[in-house]
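Each chain gets a letter, A, B and C, in the order it is written, and its residues are counted from 1.
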Amino acid sequence: MKTYNVAGKVLIGVWIAAVTAAAFLWLPPAQGFRSPETARIVVFHVPCAILTFVAFLVNAFYSWQYLRSRNPLTDSKANAAAELGMLFAILATATGSLFAMEQWGSAWNWDPRETSIVMLMLVYAAYFVLRGAVEEKSKRARLSAAYALLAFPAMVFLIWILPRIVESLHPTNTLFTRSGLDPTYRVTLWSFFAGLTAVFVWMFRLRVQVEQMESRLQQHRQAVMEPLLTGEQG
Amino acid sequence: MSWQIELRQVGKCFNDRPVLRGVSATVTAPGAWTILGPNGSGKSTLLKLIAGLLTPSEGEIVYLYNGARLTAQRRRQVVGMVAPDIALYRPLTALENLRFFARARGMAVQDNELMRLLQQVDLRARAHDPVSTFSTGMVQRLKLLTALVHRPPVLLLDEPGSNLDEVGRCLIREIVEEQAKHGIALIATNDTREMDYGKPLIQLGI
Amino acid sequence: MTPEKWTTGSRSSSWVYEALAVFAKDWLLELRTRVAIGAVVLFAVTSVVAAGFALAPPSGVAAEVKAALLWVVLFFAAVAGLSRAFVVEEETRTADALRLTVSPTGVLVGKLAFNTVLMWALCAMTVPLYMLLLEAPARHTTLLLTIVLVGSFALACATTAVGAIVAKASTRGALFGVLSFPVALPPLLVCIHGTKAAWLSDNAWQAAMGDLQVLVGFILVIVPASLLVFEHIWSE
């Protein structure tokens, strides 16, 4: 089993490295963009954006599961998903901003897609603020799960209504269309997506394992300390 | 035709630290019982678990009427509880408090009926005064009233006699005796004067 | 004694009666202590006056800005007061008494009704003052009224359950603003859009119809979601 784990990690590492190298070496500069070299960033940007939404879904799912089963493991999973979602949201926003800077000369354009990612970051941030405010573990899990399940439909609504709001508030439509992408770009992009998803799953499992171990350690500590504190025998 | 409360291996943890563990007992109406133990032994927690204010981390607490399990909604209707850390609405008057707790339970009581109840605990004269002006003894009497207004089969009392004078304690004793004739009374206490209110059911702590 | 006699006086404790009782009790408390309404009105009036001063003369300010600013003021005034409904129960230790007496659904609906009326009172005081001080165009006032009523109800729906979460997490107000903003953002944006349509468009009702539909849709989604999760928030 261990060899599979090690082999898997090595494979992911090699894959990501290969795709990244290909993005710079093999891929031709993108035609039709103001700064064709920088446009390569789209290969990294889109997978991050997709994964942050996936993470949100995963978080909502495990939040719902926690409320049904009250199993602490599902809470760890929801938390891990939120952490990764935040990470990918930051990466997506950063890469998107860099691209916007090169392409349109300004770092922020109220593009509905970019805006929804920032809104998602707000939700993640609120989620972590809430978790930080509650000491007691089961209460923390319960309340953050409830919040996630309220934020989820709200975000769905937001993503749905944003295009019609933004278009009318800001008439200049700077929407980035992906349909005209060169096939080489498409291959590289989806390859990176596959690799990044593997990284996501790996980091997710690691994070959950760490939290489970911490919890078990805490329980052992309690079990050892308790008889000492109450003066009981054996 | 009987009410029963069963505690099956009930445990409660806060942050992985157990406050209660493996508590089991059964009470069948009619009667009064006491839950004893020093401060910090988990008496209040246990009473809150029985009331349904907390959910057990392990085990379960089951209410049975003629052998049939009660739903959470039904349990709310059959329980009345008085505890030091459960407060009344202080800016409201005694009558307004009583009226709320009665109406919220769907009782279509008239004010004159509520006034009669206030009379029984000697609070009629202060019916229109806000609870914030009451002494602790008066507050306790009003709490008892709000817990009994819907005539619950199950009465839970957490240290009922604290802050009460002799007259107040007599009132508690009367209430417990009346309740024990047809229903269940559970009293959590570490006061020696209250220990004979009922049969000892559970002893918590070392 | 038969069980009917024991729980006698309890006509079927449906959540409607419970919610009504909670609503009446909350307003009785509020009228006596005036904490929430005080915080809300104070914030709203202060912000409107400040905005009026800062943006004078108002004729130079675009209608979009006025529309957005109105709802920003309403939202933050709401944040100042809408968490009160649950926080006061935790602060004064009455939450357990409520939990013993009323079902979770009854509590949520009662508190939601309280927050809605609070929002409407806020709007009744703020919107006319705002329109006066900032010289907002007095066009399509029925449409504006509809948007304000439905929109503020949507805001109340979005924030009530969040208020319950915050009350259980901590009684400090700062948390409520952070948590309620993402959930309140969809109705907020739509209200701004609709208000803008009411003030600028000639075909205002047609332009704003989509907004009203989204608001209603939002309410129809958030209220059931709140009801579903509330039991988990409210019970320990």
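FYI, a residue touches a chain if its C-beta (ideal position, glycine included) is under 8 Å from a C-beta of that chain, and two chains touch if they have at least 3 such contacts.
Given the structure is predicted, the values throughout are model-derived calculations rather than measurements.
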{"item": "Contact-richer chain pair (by C-beta pairs counted) among B-C and A-B", "value": "B-C"}
{"item": "Chain whose mean Cα position lies farthest from subunit B", "value": "A"}
{"item": "Chain nearest the global centroid, as defined over all protein CA atoms shown", "value": "C"}
{"item": "Whole-Å gap separating subunit A and subunit C, where each centre is the average of the chain's CA atoms", "value": "32"}
{"item": "Subunit B and subunit C: spacing of chain centres that average the CA atoms, whole Å", "value": "35"}
{"item": "Between subunit A and subunit B, centroid-to-centroid distance (C-alpha), Å", "value": "49"}
{"item": "Junction residues of subunit C - those touching two or more other chains", "value": "236"}
{"item": "Complex contacts: residues of subunit C adjacent to subunit A", "value": "64, 158, 161-162, 165, 168-170, 175, 178-179, 181-186, 189-190, 193, 210, 214, 217-218, 221-222, 225-226, 228-230, 232-233, 236"}
{"item": "Residue numbers on subunit B that touch subunit C, as the complex places them", "value": "1, 48, 51-55, 65, 73, 76-81, 83, 85-92, 96, 100-109, 146, 150-153, 182-183"}
{"item": "Residue ranges of subunit C in contact with subunit B within the complex", "value": "1-3, 5-14, 17-18, 20-22, 24-25, 28-29, 32-33, 92-94, 96-97, 99-103, 106, 235-236"}
{"item": "Residue numbers on subunit A that touch subunit C, as the complex places them", "value": "67, 119, 122-123, 125-126, 129-130, 133-134, 139, 142-143, 145-147, 149-151, 153-155, 157-158, 161-162, 164-165, 168-169"}
{"item": "Of subunit A, residues touching subunit B in the complex", "value": "135-138, 215, 218-219, 222, 230"}
